[in-house]
Amino acid sequence: MINVLVWNEYLHERMYEGVGRIYPRGIHGCIAEFLGRCDDMNVKTVTLEDEDDALSDEVLSETDVLIWWGHMAHDKVSNETVDRVVRHINGGMGFIPLHSAHHSKVMKKLCGTTCNLGWRNDDKERIWTVSPMHPIAQGIPEHFELPHEEMYSEPFDIPNPDEVVFMGWFAGGEVFRSGVTFTRGGRIFYFQPGHEEYPTYHNETVQRVIINAVRWAAPVTRAHRCIPVENRKRLPE
Amino acid sequence: MINVLVWNEYLHERMYEGVGRIYPRGIHGCIAEFLGRCDDMNVKTVTLEDEDDALSDEVLSETDVLIWWGHMAHDKVSNETVDRVVRHINGGMGFIPLHSAHHSKVMKKLCGTTCNLGWRNDDKERIWTVSPMHPIAQGIPEHFELPHEEMYSEPFDIPNPDEVVFMGWFAGGEVFRSGVTFTRGGRIFYFQPGHEEYPTYHNETVQRVIINAVRWAAPVTRAHRCIPVENRKRLPE
Amino acid sequence: MINVLVWNEYLHERMYEGVGRIYPRGIHGCIAEFLGRCDDMNVKTVTLEDEDDALSDEVLSETDVLIWWGHMAHDKVSNETVDRVVRHINGGMGFIPLHSAHHSKVMKKLCGTTCNLGWRNDDKERIWTVSPMHPIAQGIPEHFELPHEEMYSEPFDIPNPDEVVFMGWFAGGEVFRSGVTFTRGGRIFYFQPGHEEYPTYHNETVQRVIINAVRWAAPVTRAHRCIPVENRKRLPE
Amino acid sequence: MINVLVWNEYLHERMYEGVGRIYPRGIHGCIAEFLGRCDDMNVKTVTLEDEDDALSDEVLSETDVLIWWGHMAHDKVSNETVDRVVRHINGGMGFIPLHSAHHSKVMKKLCGTTCNLGWRNDDKERIWTVSPMHPIAQGIPEHFELPHEEMYSEPFDIPNPDEVVFMGWFAGGEVFRSGVTFTRGGRIFYFQPGHEEYPTYHNETVQRVIINAVRWAAPVTRAHRCIPVENRKRLPE
């Protein structure tokens, strides 16, 4: 069983009626629901409102893959929590930042870059599968469309990713590396779609991508600790 | 001085009046002309019609960067020539395959993949600079347009490139990794624009990309040989 | 179930008494035996002596992961077979070249480089796990020793690998990237240990690496074809 | 001209007589001296003792490549300085962390990992040139020895580097990725040799590596700013 934890800021859904109508149980609730239908996953959710210990060492030790959605309140996440989450990723936990989580403190700390990009509200996006044999692309068609999505454009200030799995085309004229992987101890998959004003996480292809990504990011065995720094006084020779 | 050799199939320009009007001295002639204006480059050209020894070991030994344009006659290039060219790239020579040279024998041999892609004639392309600080992107705007270009689309069957420098957006709805780098001993830059029916190589931004790429691909010093296989009977210890 | 096919040259074992004593059923027999104990694997073997159709399109279509051991007879494998094998790897089949298979035609064709290296007979090797959280490193200690192994040294003329999983230290004074991954459609893992004169494939840690590698290289679903080249006359837009 | 700034903690040289004898003008003084003999470099130095504005925005804006040596006082560098330095690297400035700077705040922030490793005092190291055609390897022999160096061993907790240029062999039995490159806007080269108790930076081959690295890391043109985050209300289309 893969233990998945879905973290969501959970603000837009309560502040804006339109968003709340799309995600009555929050974005985390929607994601937890479709992941929860997978026989190989145990899914829990947590939101910004919960106490800090919602992402305590104990909780994170029991998490195989952490999904992250945040937007307006990145700064509300404490540096201590960010350090703790990054430490667990360095120790092997999978991490899937979604959409505006490109600017989350955790993602920026893992990347060492600004993660800046261009953006514009409401465009049509067509997502192309660049690496059709990648485990995250299993069952995903060569291309699929999101009739309404926030436009994110290059240049996207990230390190050279391990793999580009998906690329986005926008009707307004831009392109974006919409699905990219990194390794920082644990495996990381950033996926661009998911603006709160559109029903993106109700899209079955998007759901399939996230299900695939959870399975891909799950550590085969969980190390529960990072690579140590050690004085090795005893020589192997 | 960087010794540049421009190889061109040189068939379309002579077979089709329209192409010949755009490139009266051949695509190679056009490329050699704008490269030749660079003070740090010695430029020569060679075409399929020349004898095999036009790409002899002697010629290749004096070449720092080889530019390659081919389309309808990939199979006319002998396997011996391909092996020789690849050996010199493995030994440090830079290589810049352009446009339909994605399907050249040399490019496929360097990649170990089919280099297949989707295509369609005559679309509008907008090229985005994904890695604005890359040497090949120096002086290139964030994005620029080619009003007419052949559409090349993902999935593009290449190995994970070292770097994605440019990405293409097509009005018809596709995306493409339009400028990518590889290393195979020498440095390789594949650049997608350059269909023979459009005046792409007269475009000053395209010219600047190719000029930058030549400087980037030129070996600091030319090894003139590949990494050897050697029986090392003498131990370092 | 993962369908594994173990290809072995199967010459040294029959020509040299010492080698035959170590691998009485051939290197392929030894590998097939320990893989065969895995509940999730169907293992078959094939040797150079078998007819060409031992690696026919039909056989390869039913193969998820192909393991390859060869040394003195790389040239005896026909170019047609090599092309067929590479095509299936490009279509998603996993590939695990072992030891001297670095110089197999298939490996060189996938890499686009010479795959040259330095070598010397009989040294002590210590293998270090560089990427301890990689699926191929599951259960492998931080380092382990092979008291007798052929020394392979850098520089190793391969493309920049996707990941370096293991690195080798040799008592004679050399280092080597002993376990590296590539992607060429299918996933590739090259693993250096396995000189025929030593009982390397009887080592349980080496066996565990190969078992892990098979699971890692197995395609989630098998595409059975490469990315196509297609004229896309119908616009997505 | 390349503007190089050498930052050094400058503590060991003044606290320990033995270190001071090796580097009477500090490690920074030694590095500045051999770099200063290059016609294409302007070299300045700065130490921890200098005021914070020794790494002010103004100073960093005029720096093409920043070299960093630190060990016992990583925590004495303020987070504000670290953020400023990283911002300039993201904007294109080259960065060369040396030896124990693997644990500097700047390096860890760029990597998003712990940068942990194993270590032991005083061993013999042999450095192997893994990528002999890389610009940083120009003029460097296939391997060279440091009779006394601090042992640093794998696993080294860094992201998958862009390139492995050098690998280290230690007489005590360990291996290490001793020279690796990353890109975070600017180009980064980490080089492991340089323990303060040994005259490593007086070694001419080590000096040549650092000279090469400065030339490689120098931005072709300096952007002076990171990739922005921008609301792009005007459509390209």
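Order of writing sets the labels: A, B, C and D. Residues in every chain begin at 1.
The rule is short, and it goes like this: contacts are C-beta pairs under 8 Å (C-beta built on N, C-alpha and C of every residue); 3 or more make two chains touch, one makes a residue touch a chain.
For clarity, every value in this text was computed on a predicted model and none was experimentally measured.
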Inset, instruction - Please give the intersection of the contact partners of chain B with those of chain C. - result: A, D
Inset, instruction - By the contact definition above, name the pair with the higher C-beta contact count: A-D or C-D. - result: A-D
Inset, instruction - Using mean C-alpha positions as chain centres, tell me how far chain A is from chain D in Å, no decimals. - result: 32
Legend entry - chain C-chain D separation of Cα centroids, rounded to whole Å: 36
Legend entry - Multi-chain contact residues (two or more partners), chain C: 126, 132, 153, 155-156, 160, 162-163, 171, 173-174, 183, 185, 227, 236-237
Inset, instruction - Pick one for the touching-chains graph, please: line, ring, star, complete, other. - result: complete
Legend entry - Of all residues in chain D, those that touch chain A in their complex: 86, 90, 103, 109-114, 116-120, 151, 153, 155-157, 159-160, 162, 171-174, 182-185, 226-233, 235-237
Legend entry - Complex interface listing, chain A residues touching chain B: 126, 128-132, 142, 153-156, 160, 162-164, 167-170, 173-175, 177
Inset, instruction - Over in the complex, which chain D residues touch chain B? Could you list them? - result: 92, 126, 132-133, 135, 138-139, 143, 162-163, 171, 183, 185-186, 219-221, 223, 227, 236-237
